[in-house]
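In the two complexes below, chain A is the common chain; its partner is chain B in one and chain C in the other.
Presenting the complex of A and B:
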């Protein structure tokens, strides 16, 4: 099937998502909850794009291409919503994410410097009992990437989302830490985490 | 992606198991601070396990060997490279002139690169003049190599791990991938969650058994009967691929006759597997459009291990499930380069690509390249080396990257052999049980410190690049071997491992198109044509045997080398655990020790109750060959009458229990069936002062 991305015609296989199609075409939109090693999740809404005829912006990662679709990655509404989302996400963190993290990289690419919304931030809560893996709970943005890495890449099913709303966070086992959970220490969670809410103990000091 | 925390990032290949994960090593202040998986790694696709990702601190351990050591008096003293080299040269020349070149033997290492192994085999063949060169695949997958060559033609997996994603069904026999090959284990697990019908065959209820449609638990040592039973049902129920058998194979008639004896009821007698389960398993495999079979050391490390691999090939051949995507035979090779060390000819009977040393044309091509006459006589295998050392025929050994005194079977015999040698060179990164017997210890380099290539279990050449310098005055194995060869009078003439690979490619048609440059980030799966075309799938059109036909093997079940009796009523199986790797030389020197700090003996609740053993109790395990003490853990993951332990900790010395029984074709030791007696150790005796005073 064919679709138009930013004015260029692109040919794709059926069931291709807009995100895959636009990356094949050399275009890009930022993503936050997306990891190519996992099934698309569609939670963060940072990859929104404009699609002709759609009632509003659509997430590129979960929307399948249709023949004749016209996609605009520079759609103003989409970019404005995505930028606001990233700014809101940052506003919950007590410290700015480290420069190397995906969240910081996306914020830079969208021109989000410091969030305009002061208010409550997550309390600092570190767990370094595991010899390698560290939690920095205050940096968790509930994107679900670590949970999906644990389920879909490793298959250990050790991590789970916990809490609701502002207190939503991530936990290993029954809130028992990595060591007491079914964790096999593969580190796929730390590898995918876009904020270092899960990282390596050795990297905490750097 | 740039990362302000790291000074350099080096793409390399993992040095633990045979999966061959591509890794990104992140370096700061001369240390690895983090390792992440390469997103484009063909075997790991952005994933790795806790060994590859985290267990790297051993590389900067204070216990690393940083200077040569020479035996003096009762201990070792530091020496310069000049002195160590001079000692090695004078001793090897003395022994060679007094006893001939065949009084010297070398071991290459399946942990080291292809270039290291090739250099080591050239050192023994050209510099010393003997074919006494072997590597540790002898004690793990030599039966696989033998059987695949016999049945199909080439010594390697017929496909890639990605075949699990394309398969409808799979059999995993004698392997515990989620612990020993974790990234493949995770891949198989994910495939089952998507609907792959998995059959696990193992005496233990391994983790993947929980994800399988069927788990068969045969008695240890009865794999041949299991495979014959599966073949019987496939034939009986018309699940064979007649056209494939007729057009692409030979020898089926003989197998057909043999299979008559292996009806499910008869197989149940031998293996203990319920006949209905065996029939169901045969249908899962036989009815699948595409299916893979994977196996590990639970198949090979038996008296008839190589025959079982041939029977595995039989099952795949009679159903036509080989030579296409999704239908592959995928041995789970143990070590990072156990495929490559043998491919490179670090074997007593073959040059590169398994071409016999007796082959006149091949030998002449090497004689021409190396400029020396070469022996046409087969050398010693590892077990033969130890026998020859005890007999006094072998006087000197050079052991590179292998701890034979901890990992080889029949430890008492190995130690006797090492003590009998006049001269022993050990080349390693740490002092080990084996280096205790050395005359010269050479400080070598870990995989994070060297350049070269490994070949993974998918036959894929992958690049290894140094992220660190060797510590102190330690050198790379390549530099050690080539410089000592030069001192011995044979200059190999390579400045870099890449030049050695160019020579390998020039002398080996199967690897003709291989070069470091071509391998790049994505690797090359041999055979590699001169133009660089590689071979992800073998045997798409024909097998690499005369006439292009695969060969069925009609091999009856025979009892294993050991069996339970009144004195030794329990069967011991040994294997690996997730957190540690083989002799534990590396993983015990990382924080993995905080995750698992010792071995234990798994024992079924029924046996434990009968023997008055509880989890945490100290137990004695005695076989016909030795005795160890360890700690019990009661679990119903093992069948009654069997016990299991690993061999990662030198203080336990599990391999003291293993006897000389070995595969009939390849002398791979029978680690997996050892009759033992298990009993609790009384705590009181050790605390009795009168006894302690006499001990």
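Presenting the complex of A and C:
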């Protein structure tokens, strides 16, 4: 099937998502909860794009392409909403994410500097008992990438989403930390984490 | 790694977890949620031992079980020997402005969610008990008491079970209030093929009664067309809307009609099993349905080869554990699977990949209760129930602020004024209607000046309101609209499933803007409402702005805006 992305015609296989199609076409939109090694999740809503005829912005990661679809990655409403979402995400962290992280990079690209939302942030909570993996829960944005990496890539099922609403977070095992969970220390969670909430302790740091 | 073509297969939690749950289901193991609910009933709180036992029994990983226990209200609250639950729904707010909650906290000397040191008593909030006709409502152990004086009765140990008003049909002959007698199913099995029954339901244009208004016949067609031997019918009895008690009446007074609708859906779609999820806030629903299922088995209306037709159908009843968003169809399926009740991106729609990954029809219980009439009398008779308006009839319910609160079966197209003033008798004690919230917490607020609008999908939508599920909460002139705004946003933020970022963070920020008594920056609020409305994954986040926008439009002077 054919679709138009930012004015260019692209040919894709049936059931391709808009995100895959636009990346194939050399276009891009930012994403936070997407990892191409995992099933799409549709949680961060930062990959919103304009689609001709749609009542509002659509998430590129979970929307399948249709023949003749006209996609605009620069759609003003979509970018405005995505930017506002990234600002909300920064506002839940008690400290700014490290400059090299995906979250910080995307915030910079969207021109979000300091969030204008005063109020509650995630409580600081560190789990550093594991020899190779450290978890700074206050940096977690519940994108679920670590849970899916653990379940889908490693098959260890050591991680879970916890809580709901603003208190949502991620934890290992029975909230007992990596050490007392079924974690096999593969590091897939740290590898995919976009905020450094989960990091691998380097040999130097040991 | 996965090929591109598989990327449309979005993940509820993770792909492998859902597959794991499906395999365990085939072995008839209990779900983790069922094991955990039993544990908290038995000893008042969830321990790690319970979590390990739930993991072992259900086949779910321990971490996933922990995730479940941190999601549902019923599993999070510690219970004393006497567990008191105070309703903080919108009807109870309209009745007291929240003073019944404060009075109970002070009287018991406990905060919400707290248990006394000696373990004798505990206090929790619950939304909502479905006694909106007699607010405020309190559940003391297994007894639900309501109406004026309830706090004093609870504090003096004199709790008594509240009574419910009879429901009333305004039709010449009730359709939804008529006791189900399986005549629709018997008739359909005699004269209809699955295809011709489906054609009747499509022709009847049964719009979903749960809130979204999506035509049931279309959902059925999609599920019927989906490849696969095993398909499911799911009745959504998770009527979480504060101020609604319509499905409560259907499930507890007319369970046969709901079950008959499910069986008819099964016949049309090619499914031989149904699930119905009830609410833990309605403790009588599950037993009523189970009794009706037992009776139906005895009468040969459920089970194998019904009436010698070759069609078999059976129903399993499950109960939720305290979560509003579980009323969303993908979250509902996750709850039935015993997982965290979070929303999944669609597509894939449940008709293609639903319960345990198999094609599933998810209909609201009231939607299904319409089907026996259509099966018996046809689409034309169904359309004639509400001349010149949407097809069929609708159950509505009124809160305690009205003179004659209760459940009424009405015709679409009836003016809201007639419903509120003639049926429900206007506000009690000579009060005046200030505004209505129709159809649940995501419904817009209709000011008294717009009461002449017909009760129907399109006319209400034009005013930023909706039919929704049909709950009508009236606010009288005592209502503080800023407090109402805060009440709605508190509910919205508490119930956010936490999956999509705009809803998870945005509803908390919106609530906080109204929380501390400071002036609200209107421009920033409107920006935030746009983010919620256009960015959210499901109707919870995208729908919460509707009532807030109505309040901004009709009561700006009362909201403390800057």
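Criterion: the second predicted complex is superposed on the first by the 201 of 206 C-alpha atoms of A that agree within 3 Å, B and C clash if a C-alpha of one lies under 4 Å from a C-alpha of the other, contacts with A are read in each partner's own complex, and residues count from 1 in each chain.
In the analysis below, a contact is a pair of C-beta atoms (placed from the backbone, for glycine too) under 8 Å apart; a residue touches a chain by one contact, two chains touch by 3 or more.
The structure presented is a predicted model; accordingly, all values stated were derived computationally and were not measured.
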{"item": "Chain A as common anchor, with chain B and chain C clashing or fitting", "value": "fit"}
{"item": "Larger contact residue set on chain A - chain B or chain C", "value": "C"}
{"item": "Chain B versus chain C as contact partner of A:155, first or second or both or neither", "value": "both"}
{"item": "Chain B versus chain C as contact partner of A:37, first or second or both or neither", "value": "both"}
{"item": "From chain A, separation angle of chain B and chain C (C-alpha centres, steps of 10 degrees)", "value": "120"}
{"item": "Contacts of A:188 with chain B and chain C, given as first, second, both or neither", "value": "first"}
{"item": "Which of chain B and chain C A:59 touches, first, second, both or neither", "value": "second"}
{"item": "Touched partner set for A:81, first chain B, second chain C, both or neither", "value": "second"}
{"item": "Per-pair minimum CA distance [chain C against chain B, superposed on A] in Å", "value": "6"}
{"item": "Touching both chain B and chain C, residues of chain A", "value": "37, 152, 155"}
{"item": "Sites on chain A touched by chain B in the complex", "value": "36-37, 99-100, 105, 131-132, 152-155, 179, 184-188, 191, 200, 202-203, 206"}
{"item": "Chain A-facing residues of chain C, complex", "value": "1-2, 4-11, 13-17, 20, 48, 51-52, 61-67, 70-71, 323, 340, 342, 344-347, 493-502, 504-509, 512, 524, 527-528, 530-531, 533-537"}
{"item": "Complex contact set, residues of chain A against chain C", "value": "13-17, 19-20, 32, 37-46, 48, 56-57, 59, 62, 64, 77, 80-82, 84-85, 88-89, 91-92, 116-117, 119-120, 141-142, 144, 147-148, 150-152, 155, 157-168, 171-175, 181-182"}
{"item": "Residue ranges of chain B in contact with chain A within the complex", "value": "1-5, 28, 33-34, 36-37, 39, 45-50, 53-54, 178, 182, 186, 189-190, 193, 578-579, 591-592, 594-595"}
